[in-house]
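Labels run A, B, C, D and E following the written order; every chain starts at residue 1.
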Amino acid sequence: MRTCRVPGAPVGQTDAVLSAYSFDTTGPSEVRDHDEISDLIDKPGTVVWVDAVNPSHDELHKLEEEFDLHPLALEDVKNRDQRPKLEVYPSHSFMVVYVHRDGKGQMEEVFVFSGPEWIVTVHHHEGKTPHFDIGEIRQRYTRTIGLTCNVGFLLYVILDEVVDSYFSAVDHIEEKLSRIEDHIFDDVNPERDERPIQQSMLRLRRDLLAFRRRAVPLRDVVLSLLRGEVPWVGDETRVYLQDVFDHLLRIGDEIDNQRELIGNAVDAHLAIVSNQMNEIMKKMTSWGAILLGSTLIAGIYGMNFDEMPELRYKFGYYGALGAMALLTGILYVMFKRKRWL
Amino acid sequence: MRTCRVPGAPVGQTDAVLSAYSFDTTGPSEVRDHDEISDLIDKPGTVVWVDAVNPSHDELHKLEEEFDLHPLALEDVKNRDQRPKLEVYPSHSFMVVYVHRDGKGQMEEVFVFSGPEWIVTVHHHEGKTPHFDIGEIRQRYTRTIGLTCNVGFLLYVILDEVVDSYFSAVDHIEEKLSRIEDHIFDDVNPERDERPIQQSMLRLRRDLLAFRRRAVPLRDVVLSLLRGEVPWVGDETRVYLQDVFDHLLRIGDEIDNQRELIGNAVDAHLAIVSNQMNEIMKKMTSWGAILLGSTLIAGIYGMNFDEMPELRYKFGYYGALGAMALLTGILYVMFKRKRWL
Amino acid sequence: MRTCRVPGAPVGQTDAVLSAYSFDTTGPSEVRDHDEISDLIDKPGTVVWVDAVNPSHDELHKLEEEFDLHPLALEDVKNRDQRPKLEVYPSHSFMVVYVHRDGKGQMEEVFVFSGPEWIVTVHHHEGKTPHFDIGEIRQRYTRTIGLTCNVGFLLYVILDEVVDSYFSAVDHIEEKLSRIEDHIFDDVNPERDERPIQQSMLRLRRDLLAFRRRAVPLRDVVLSLLRGEVPWVGDETRVYLQDVFDHLLRIGDEIDNQRELIGNAVDAHLAIVSNQMNEIMKKMTSWGAILLGSTLIAGIYGMNFDEMPELRYKFGYYGALGAMALLTGILYVMFKRKRWL
Amino acid sequence: MRTCRVPGAPVGQTDAVLSAYSFDTTGPSEVRDHDEISDLIDKPGTVVWVDAVNPSHDELHKLEEEFDLHPLALEDVKNRDQRPKLEVYPSHSFMVVYVHRDGKGQMEEVFVFSGPEWIVTVHHHEGKTPHFDIGEIRQRYTRTIGLTCNVGFLLYVILDEVVDSYFSAVDHIEEKLSRIEDHIFDDVNPERDERPIQQSMLRLRRDLLAFRRRAVPLRDVVLSLLRGEVPWVGDETRVYLQDVFDHLLRIGDEIDNQRELIGNAVDAHLAIVSNQMNEIMKKMTSWGAILLGSTLIAGIYGMNFDEMPELRYKFGYYGALGAMALLTGILYVMFKRKRWL
Amino acid sequence: MRTCRVPGAPVGQTDAVLSAYSFDTTGPSEVRDHDEISDLIDKPGTVVWVDAVNPSHDELHKLEEEFDLHPLALEDVKNRDQRPKLEVYPSHSFMVVYVHRDGKGQMEEVFVFSGPEWIVTVHHHEGKTPHFDIGEIRQRYTRTIGLTCNVGFLLYVILDEVVDSYFSAVDHIEEKLSRIEDHIFDDVNPERDERPIQQSMLRLRRDLLAFRRRAVPLRDVVLSLLRGEVPWVGDETRVYLQDVFDHLLRIGDEIDNQRELIGNAVDAHLAIVSNQMNEIMKKMTSWGAILLGSTLIAGIYGMNFDEMPELRYKFGYYGALGAMALLTGILYVMFKRKRWL
């Protein structure tokens, strides 16, 4: 039986299933030395997993030599911002995937090299903790598969973790969208500032597009694995990868769904804005009529005709004021009833 | 000849065709005990149908043991909210379908496990009665096929019941849409509140999208059955499944149709709102002209020129008032004719 | 050589090519009795065509027994409103097509059963005469093919008649659309009521969608016939069916075309409505400026300053009125020139 | 070696490569008699090209007999307005293509029959000269291929001439579109009449759609020729037909491009119209404020208070006028600066 | 081992890898004479690369003779503005690609002929330096592959340089788009001129379409190379061409992405413009109410009633002015609070 080593556990420990090695800006951790890794690679029944966080170019070149990585793949790692893809070279495969947990524009790119008995993952992060959580993957691996060691299963667990992060992202987006939809119809009044809604809808559309661009091509990656294009991913992982593929289809459906929903919300909002214009114009017309009506009465009694009996009345002035108040009241009630005010 | 047992009928009765077993929040009903089910499973010529409503995790695990269900499938049952799909494991198949009867957002997820001589259905419901109506299915089964017992036929009847619920949902949606369309053009006036229309159109679009997401992937499920991917669904059900497939195509057509119709209605409504703005503005302009015209006459006779002969006329004042009334009348008729008022 | 009998011609006549039998709400016509039909079916060299208009369920069941029709197909006939399709059962085929002549929403559903030596057509109609015109089909059959008798040719003639009705429908729609387009740009003025245009555009879109749903799936039906899925439709009808297929492609093109044109018209109309708003606002601004300008002059000479020389002028009042008229004239010409009025 | 005869050259001349025959409304030209054509058809090494312009039904029937044309094809020629297509009958092929030179809605339909050693083209035109220019085709044929005679090459030259006419049409459309785009942004002012722009955009969209409907299906025609479906179009024309196919792809790209560009222009124009409304409203507000401000000053000094010191000032009146002028000036400059005027 | 010659290096130098020859408007450079090229072509182990910048028709014909280029291909070179494509003739292949570096409409068309041991590139440029940078390609070739000489590798380097230019173009477009998006929401006020934004969005859409038309068909070209349609592009370049293909997929994704983003921005801008109209109308209403309110007060005290006690008050006039100021103040604060001002 093979002996594997778990990342995060001391390399020397015998009960460990996989062995990990991580570079970090704070310096490498949980690593003995390069010789030991070399030993482990050559040792037949051992799967080695090396995880490099924010590696320098020097460190990348050490990995390149150690595992004989293809220069085109390494170029992609250096350039970053690649399309999700799977490339199969004679001695190893190269995979680019994105972890996306919060539904915002930022995603964490993870490069996964895998040979028959080793996996190398490279990722960068700017925040405090990486979104690509190797501890969680180790736990999930142990939970799902137990102590057998198998590169295919490890790849599956990594992909499953990635796809799980997408469900979390979809949930975040769904929540944001539903908040926007509520906001569109809630408390619509001419005083409301519509710009933040428009801006958040535009931003959500942008985020969804970025997400889609990263998530949808992953289908082809998993499909290639299912078709057996990577020889060391055996048939025993088939059912599991099928499950991942299924989840990716669902993610794709959800993203398309959200895109259409946000499009509908944009339409609805535009109609709301048009409608508000009508509301404002009705108010303007109503108040204009009320003010102009009273002004007309004042104008009439400001005329200089010799014979204007009302002007001689003792309470003529108050009558005129009363007429204005009455007109205002009547028009106000009338417009209120017609919902123009 | 096989002996089958009908769900809802006492297990011991000989004239019964299928045997059912149901968990419920109110406790299991129509069930003897687990031993009896085990016996029935092992008994060669018997088809057992176990229907579990709102089962607890414990009850699910009992089913898992009894029927040797695949852990990935059971995980899906626990997580719920799956994509409609068919998964074929060596000893049984796993199907996810949705019952949708009322055209609103809510749907009832039904998980269907089927082996060569048994079917297990699991569903949850919150309302008083489940949308997945096993009594109706039993009746339909007896009506269509008579007393022969066959897992494939039972699967067909379940799918047919599901697709029938979609026709009911489509009818509901069609009715709602046609009410909205009528409402858009009926009694259009500036007093009308447009917001409820917009909101109901947005909601209908959302419901249609949700429906589509659940109904359209079912085509692939039925297609897989037609292609014979599940060995215990034989050729004798082919014509029947073809009929279900045909109905699903029609449902898909109808949904796409409704989507386009609702999109057209949204366009038409936006145009109506724009048009209303024109109507309001015409009214505003008309009343503004009428009021300002009279105000101008009042202003003219409010001027303080020494020589203004009209001011000396005995009926000058009444003449001015008459002029105002006349102007108002003329403008009113004029605008009315041009349909500005 | 075979002896065939024409529908509408006395069954006994030897120069007749096909024999027809028709149920109607006004009672059956041109029919001897069921025995005779039974005889004709069994007679080897004879093609029987039975056409049933508005049959009752009883009459359908008689046909079912006589021709051994499949119960699923008969269910579709009873439910009506099916998708255009072709279903091939071992002893006969079942086809659903729609006749559509006037471009409005209503279509006439025709069910066509065909065996090796017989055809049964079932259709319902509410108007005075059915759109599915069996007299026309008989004439066309005789004209095209002469006196040979062949189920395949008869099917072709029926399909050709159906597709011909689509060309008539397309013409109606095209005419309606072109009338709408003219109406959009003709005599645009703020007085025009835009609502009927919007409503007719929405209705036309709905009609087009309904038409498309009925006409486009017919392609697959004809394709299946071309592929030889119905054994008694031989190679000699191939060129003719290809012609029908070609016409269906053209119909599909035309419908898509009309859909895009009506979409463009909707866009153009929305722009026209927006534009009209600008026209109304320009008018409003112009008249507002003219009235307010004169009001201002009146206001100025209504001021109560002790020293206002103009007030003392003999023709001051007329001067002021003249100034108002002049201002009105100047502004009027100015706005007219700028096309604001 | 074969002897061919050129259309337009006397039939008897030996240096002529192809022989042509043309019907016209002005009577047939460049033709000896039908017997001669019959002779030429039967003569083995000769390719005959007969071009019929605006033929009567009688003349069509003569051609039908002479060349044994299929009745379905001839029906299409009589009905006209066919879809571009290629139909292959046992003894000859039938092709429908459209010549389109000026980017407007009108196109010239050309029917091309071709047998192993003859080509018959039929076209109709209403203008002075036909768009399908047989002189140009003859020249092009001689220029490209020299004196060998070959039906396939002649078909290629006809198709090349047709596709060349499309490039001319695309150029016309591109020019029109670019003029519209310039017009949209050029000299935008509230005085401009937007309706002609909208109408020309709608017309351009309609023309593009009509063009697309005629040009895009031609791809399938050329593809069928490339696949060798017409036996007398040999491999030696393959490279040439590939070139035509390539040009058709480019035409298709261009049309799709233009469609999207015109769609964008429609969007931009709608935004311009909305924007103009804002401009008009700003102007209206500005002038309203200026006029109402002065009116208010006039109103104030029109009040009848006993104690209004300004009224007693000698230059009070001029002061008030000055205040109005000053207010007008200030507001004018202010609005001008804010670009409201 | 082969001896190759680098463009830009003297032809006679032994350490040079490839040999180049360039025409220019300033005359040919880095060229000995035609005889030498002829010699090099015939010399078995040598790859010759001839680069012709802005060649005259005469110079093109010399190349045609020298390398036996196909006349159809040469016609394309003369006509220019071709679709990106790959054509394979028996003795050589012909490729059309576009270099696009700055994201604006202008692109540089490059024609690439390649035989088993030679490459001829033809391009035209109007600016000072060509976008197709042969120096950069030479460097890249040497850097990637070293001194071996191979037509396939050279083709790969040319394609890689082309695709690299696309990344630069995408960056430019992305930057422009993000500037537009910022501009849409930044400092939105009724004073802003919206037309430049609309115009730049329309222009960006046009540029994107033009870019897409040039970049996307390149996929098929690379795919053809990958499928081995050009015999002298061997398997050793497969991984490299796969990399180019991958980059093209990413470019295609980016372009589609940008198109959708710009579409969203157009939507958002339209909503902003609609919203601004509301803002303007609120301002207009507010100021109208303030001015009309004060005018009404002035009108009231301009009435000529005999009994108007306020008119007799000593400070009545100031009271009226105060009332106007108070009303103005109250309305101002009220509208300010409601954000109408």
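As a working rule, contacts are C-beta pairs under 8 Å (C-beta built on N, C-alpha and C of every residue); 3 or more make two chains touch, one makes a residue touch a chain.
Keep in mind that this is a model prediction, so the values were computed, not measured.
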Partner chains that chain B and chain C have in common: none
Least hop count linking chain B to chain E through chains in contact: 2
Interface residue identity across copies chain C, chain D - same or different by half: different
Angle, in degrees to the nearest 5, of the Cα rotation that carries chain A onto chain E: 70
Centroid distance [mean C-alpha coordinates] between chain E and chain C, Å: 45
Distance between chain centroids, defined by C-alpha means - chain A, chain B (Å): 28
Chain A: positions in contact with at least two other chains: 270, 274, 277, 281, 284, 288, 292, 295, 299, 302-304, 308
Arrangement of touching chains [line / ring / star / complete / other]: ring
Contact footprint of chain D on chain C as seen in their complex: 181, 185, 188, 239-240, 242-243, 246, 249-250, 253, 257, 260-261, 264-265, 267-268, 270-272, 274-275, 277-278, 281-282, 284-285, 288-289, 292-293, 295-296, 299-300, 302-308, 338-340
Complex contacts: residues of chain B adjacent to chain A: 70, 72, 82-83, 85, 87, 89, 190-191, 193-195, 198-199, 201-202, 205-206, 209-210, 213, 266, 269-270, 273-274, 276-277, 280-281, 283-284, 287-288, 291-292, 294-295, 298-299, 301-304, 308, 310-317, 320-321, 324
